[in-house]
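Each chain gets a letter, A, B, C and D, in the order it is written, and its residues are counted from 1.
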């Protein structure tokens, strides 16, 4: 099948983001692009924007799936925008659209996406020292079902390599 | 407005449920009914079914919002079924439909509903010794935004009373 | 199973509604309530509001499934509000929640709900002289699949009786 | 903004499709690709598959937004798959994701997408002699609001040119 590998990067929106998190997300996005995978994000600010920026600088393709029904609200680094109009439940759409997931920092919205990805048994990697949910859930199962272990990595490159390994055709 | 108070009880589906959790959920459902509030659940088994059973025995009205598009898959204690056809993202619909939320045990699906309720700033109470997410998140904020504090209680009655207090018109 | 019969009434919002359409919707809502069925509407104005008003005056229970995530935006005759936050795609949720559907007038939103109900093979009745989609699609199949024939009736009572007949347990 | 133009082609799934419709859809998809726009479809068979095939042969990028939560169910000509898990309500997601819409034949599902596109005021073109909804709704408004006129064209090229004209940045 023609389908490209689709990798989701999740994490803080502008609220709660820092220059370090942006750098981490940028690097992760760039590595995704360099692997010829499509980068998917929630299309807004913070980690989502930085990752998309990195993917564009890496020559890749970016998709932003946003909560609103207005595509102009997506960040400027999205080649394609899905204005879901679903509000925050678009977190599930992000998880479903992902072959694998990378977590950078993150608050409750990110946790919601982790839950969805976990329930759908997608491989999940976190940058374990990036704080927030990425740190909190590194190297754990989310619950008793042990669907998939969330693995923590020290660097964006290692996290991306792990996801590429897990999503080889 | 004619609108009734709508209280959501969340927790384990059949997988991971125990007789103790069912008893706790049953009691919580009964108290919800006795307060003349509508009970909302995810309409399937485990905690959802026990809570609905308790609400019916308490003379109340029950709504089940299920992931599938087939109403016959809801448990037998639902007066009204919303067969959302949305899959697991119906967790958001549950949270949006709730004036307040009570957590009994729970795994990743329950955590997803807690995230949604927290993001929408709904009051949330847990039975703090019921295990799973109810124990894990008792007396905490979900993230740095501190939207709403998730409060742990020893008994279903105390948890319901707290939610009733928080949702007084 | 305890589940009540759930009947959906659809039609014009405030835009495009008339006193005649409101009277027709009011009467339909009242008959639904008198049959001990739950009335479901899209929870906003026009036909939805009038039908809910009629159902309340008929002693029945009403549910409004609205596009927004804010329950206060529902009309005042809804006992229960599902603030879907899904925008206009909540038309599908309405159709899925219905055992049967009654159409009063209606524009593009109503047509969308007719499409959804038809695709899910729900029985559909229209008040055939109420204009809009109710008139346009009376006594027709929506497409070549011939899932279910949309039947036109002269009065709200006849339309409701037909739906009750089609949805007998 | 980096965002590409996103054009949606809708019409019959396998059920109801014909070789003529496939040829028309293939040509439309090819023209979309040749304009450097992204082709969006509902990702399944019939018109959706033929349009995606034409876009791939035209060197373009294709996205399939499918009702199921399993990406393997998309047709083989989709570069990117959004497995929405939303069932048929993904028709709204298609319409929201479109800058403009082209209709080839089509039954009730297509009509649902036309309703959604019309409600969101997207430009809509049909191949007016391709039958189904494309013929039925050519050169009309969907309802009294007159949001946008659905324009009928004789050829796929004319329809695509019209949409390109309507969606110039």
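Everything below uses one rule, namely that a contact is a pair of C-beta atoms (placed from the backbone, for glycine too) under 8 Å apart; a residue touches a chain by one contact, two chains touch by 3 or more.
Because the structure is a prediction, the values reported are computed rather than measured.
Between B-C and the choices A-B, A-D or C-D, the pair with more than half the same contact pairs by residue number is A-D. Each chain's centre was taken as the mean of its CA atoms, and the one lying most distant from chain B is D.
Centre to centre, using the average C-alpha position, chain A and chain D are separated by 28 Å.
Mean C-alpha position of chain B lies 40 Å from that of chain D. Touching two or more other chains at once are residues 69, 85, 87-89, 92-93, 120 of chain C.
The touching residues of chain D, counted against chain A in their complex, run 1-4, 6, 38, 56, 61-63, 65, 69, 71-72, 74, 76-85, 92-93, 96-97, 120. Taken together, the chain D residues at the contact with chain B in this complex read 69, 85-89.
Within the complex formed with chain B, the chain A residues making contact are 15-16, 86-89, 91-93, 107-109, 111-112, 115-116, 118-120, 132-133, 142-145, 147.
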